[in-house]
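You will see chain A twice below: alongside chain B first, and alongside chain C after that.
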Partner chain A sequence: MSEKVVKKGNEALCEAALRAGCRFFAGYPITPQTTATEYLSWRMKEVGGVFVQAESELAAINMIAGSAHAGCRSMTATSGPGLSLMTETLSVMAGTRLPTVIVDIQRAGAGIGGIQGAQGDFYMVTKTLGHGGLQGLVYAPDTIQESVDIIYEAWDIAEKYRTPVFIMTDGTMGQMMEAVEIPDFKDAPDLSDQPYVAGKRKDGRAKRLITDSPWFGSKGNANDNMEYFYAEYEKMYESWEENEVRYEEYMIDEAEYLIIAWGTSARVAKTSVKHLRNQGIKVGLLRPITLAPFPKKQIAAIDKNKIKAVLTVEMTIPSQFHHEVTRYLDKDIKVDTYRRGGGNMVLDEEIEEAVKKLM
Partner chain B sequence: MENSYLLAGFGGQGVQTLGQLLTYAASDANKFATYLPAYGGEMRGGTSNCTVKISDEQIGAPAARNYNYVVVLNLPSYNAFKTRVKPGGTLFVNSSLIKETEAQEGIKLVCVPLAELAAEAGSAVVANVIMFGFICAYTDDIDLDKAKETMLKKMAYKEQFVAINTKAFELGVKKAIELK
Partner chain C sequence: MESVYQRSKALSAASTSFCPGCMHSTAVKLICEVSEELGIQDDLVIMAPIGCAVYLGVFVQFDSFGAPHGRPAATGTGFKRSNPDVPLILYQGDGDCASIGIAETLHAANRGEGFTVIMINNQVYGMTGGQAAPTTLPGQKTTTSQYGKITEDMGDVIKLAEIIASFNAPKYVTRQSLHTPKNILAAKKAIKKALEIQINEGGYSYVELMSSCPTNWKMDPKDTPKYMEEVVLKEFPVGDLKG
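Take a look at the complex of A and B:
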């Protein structure tokens, strides 16, 4: 039986991960992720899993790579500065096509930056995992419930495509509390026969060698093999755009103005949409739930004959998400952006004022 | 119907627990609620605040520019947040620590002598439970019986804490009815 509880975002997310079958977590505390690590430090052993407070994020990400190679559903959680340290192994994971789950509870700024929630890791996570140009799937929930629902199926998706899966929240979603339905425990599948899991196959034969740089194959030399396999990976990424794009349309009936935002910015914008609709202003919200694959077609399909103007909203300066949206948006549609930086949360009143300026 | 709360005091006065109690109670009463703590380099004696929203519908923004109800339990919080009340809203001040207040047009000022009530309850530790009872009774946002039930579930999981928390809650309710 699923249960309704009032929980902190980080804690609800971690509980749902355990119920999805995650039995290995390695991480290093960093605000605003710390409550996730703290929760799993005692909760993981109750479900028979292993929790490691690693000596650094570098060690943590390598530990979860090792655990995934042992056939265990594994995850780590961190924030921007920790994610920077993890990029070498993220690149390796994308290359070996290793199914793992990484949660980025974003905070503000570059370097040490600030500890308040922000959305500045957009480019870093959605464009490529570390060096080499390979990708993962990236989900961006806007409520604690949605983050729970997404992580509950995250390993199923990661294993289906053999890919790292990212979940991006932020300090606001991590620290806040709201009621959430936590699903039942489910069993992780037996992954021992998977090619990336160490050991022999069930029939006793040796497994194919898995490396981050697939040099071995039928294409003659290492370069040609890597070229071939990466082109195959690209086909998989393109298939995601057909099959894995998720987005939400909120109050878009007869909308003349459209806000496009993700994560916390989007949930705040929902309040703005309600307020503006009450004032007779026909505004709606388009919210990408997957950031990679990005809902390009849905943005390109926004009709200039119906939508007078678009406002993007994000919590980072310089713009990132805004530029991604305008790449696909019809150039004849008037567009502006409203942003807050430095860890300041965007407020519904501010978004409302920005929409009115577009009118 | 959506109500927003900003709760502030010094670290140790229990405003985070107060915010969480409101959120738990609203949720137990089948309403939607969000709690968002201000976090950072906090310290005992420093300022602490959080925001709560309670609604009949799914809640978007967990914070706001101004609030229906602002609750300030110490002077620095009064100075910082007295202007953050929505027109027609209410400012609750802990008049035991905030001696001088100024009237603001269109905003109701309610003075709660929290230290005196806590002395009556028998402990300064239950001041936030007094305030919880006070807020629930004053705003009618949460059914009082439900609120009390939730409070006891969260604050009095040991038998020895039941009596004092019940007394604190009821003192708050009584004062709110008196001042309303």
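Take a look at the complex of A and C:
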């Protein structure tokens, strides 16, 4: 039975991960992720899974890779500096085609930065996982409930495509409390027949030679095999744009102005949309839920005859998401951005002013 | 006719990619033979390192997977914790295990993770062309210590086996060598003991195997055993350190 509880964002997310069949977590404490690691340190054991407090994020990400090679649903969570440490293995996972779940509870700035919520990992996570140009699927909820619902599906999707799945929240969402419906426990599938799973050889099956790079295949040499398989991966990424794009349209009926934002920025922008609508200003919100695949077509389809101007909102400077939106937006549509950096929250009244300036 | 010796069935038909005279081949062969003797060749999983043995999974008939350079002990931790019944070997070079991955190596040993590390100590980074490693001997010439390794500059020799043996958790820690038939037999016994401990009692075991790199040492393979006996083993004495 699902249950309705009031929980911190990080804890609700972790509980939903367990309900989804995750039975291995490795993590290293970093604000604002720490409450996730603390929660799973005791809760994972209660459900018969494995919790390891890793010696570093480098170790943590490799531990979850190892668990995935054992056919177990595994995950880690981190923030900023920890994510930077994980990048080599993210590229390895994308190359091995290893289904795992990584939660990035974003904090502000480069380097040590600040511990407040922010959205500065957008490029880093959505453009390529580590070196080499391979990708994963990236989800960006704007409520605790949505983060719960997404992580409950995350391994199903990861296993379907054999790819790492990212969930990007931030310090604000991780620490806030909200009433959420936590779904019931479901069983993880038996993954022992998957080509990335080692051990448990049954019925004299042939050995599995699992490598992070597709060196082996029908193409004669390692370079040509890699070239061939990477082109196949590219086709898969393109198929995501057809089949996996998710977005929310909020109060867009008869909208003349559109805010485009994700995660916590979008959540705040919803308040602004309500306020502006109350003032008779026809504004709506388009919120990408998947950041990779990015809702390119949906943004390109914004009609210049209907929408007079677009405002992007994000919690990072220099702009990232803004540039991604303008890549696809009709060049005839007036566009501006409102953003805050340094770990400062975007404010609903400032969003409203920014919309009014566009009018 | 009675068969007294045959090629291990756990070895693939493919020949290895190791240089002539390199003792990696001996180590791989021993692991294969031991797996057969223990009857675990269908169960054993081996982790291939980033290093000369990167293609290890091609040469052996076990399931295999890898990890980024230095990270096998972390990846192995995740695997073994999720699959405690599957025997697991981490096959690692000295650069992998004692330099870039020393944090993962030591923490896994200290936690007593239930796998066996087989560390091939050839005192250089073999795969990248013979640069100095933390195991490179004082005064030894490598491509990054061309006038001989200066310990004040590059640090002294790291004796990983001794460090690991200082922890409470490891069940068996040993250093063996592959330079004479007698040593090879002892090394094989050590590998077998490590795997038996892993399978029967569970727990961490570490087998360091002193090895040669004729290509990067720029030494005729037939001269390597004498050099190892007279020079290398003075710095890295063989024998059991724990268990």
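Note that in this section the second predicted complex is superposed on the first by the 353 of 359 C-alpha atoms of A that agree within 3 Å, B and C clash if a C-alpha of one lies under 4 Å from a C-alpha of the other, contacts with A are read in each partner's own complex, and residues count from 1 in each chain.
Note that in this section contacts are C-beta pairs under 8 Å (C-beta built on N, C-alpha and C of every residue); 3 or more make two chains touch, one makes a residue touch a chain.
Everything numeric here is computed off the predicted structure, so don't read it as measured data.
Clash-free side-by-side placement of chain B and chain C is the outcome of superposition onto chain A. Touch criterion met: A:63 reaches chain C, while chain B stays clear of it. Shared-chain residue A:32: touches chain B; no touch with chain C. In the superposition on chain A, A:334 makes contact with neither chain B nor chain C.
In the superposed pair of complexes, A:357 makes contact with neither chain B nor chain C. With both structures placed on the common chain, the touch criterion links A:201 to chain C but leaves chain B unconnected.
More residues of chain A are in touch with C than with the other of chain B and chain C. Once the two complexes are laid over each other on the shared chain, residue contacts for A:306 go to neither chain B nor chain C. Contacts of A:269 after superposition: chain B is touched, whereas chain C is not reached.
Working from the superposition on chain A, the chain A vertex angle toward chain B and chain C, CA centres, sits at 120° in steps of 10.
Contact with chain C, but none with chain B, is seen for A:209 once the two complexes are overlaid on the shared chain. Taking all C-alpha atoms of chain B against all those of chain C in the superposed arrangement, the shortest distance found is 29 Å.
The contact surfaces that chain B and chain C form on chain A in the two complexes do not overlap at any residue.
Across the complex, chain C meets chain A through its residues 42-43, 45, 48, 57-58, 60-68, 71, 73-83, 86, 88, 103-104, 107.
Within the complex formed with chain C, the residues of chain A that make contact are 23-24, 26, 50, 52, 54-56, 58-60, 62-72, 74, 88-89, 92, 96, 196, 198-201, 204, 207-212. Contact residues on chain B toward chain A in their complex (touch as defined above): 20, 23-24, 27, 32-37, 39-40, 58-65. Within the complex formed with chain B, the residues of chain A that make contact are 4, 6, 31-32, 115-116, 143, 171-172, 175-179, 267-272, 274, 345, 347-350.
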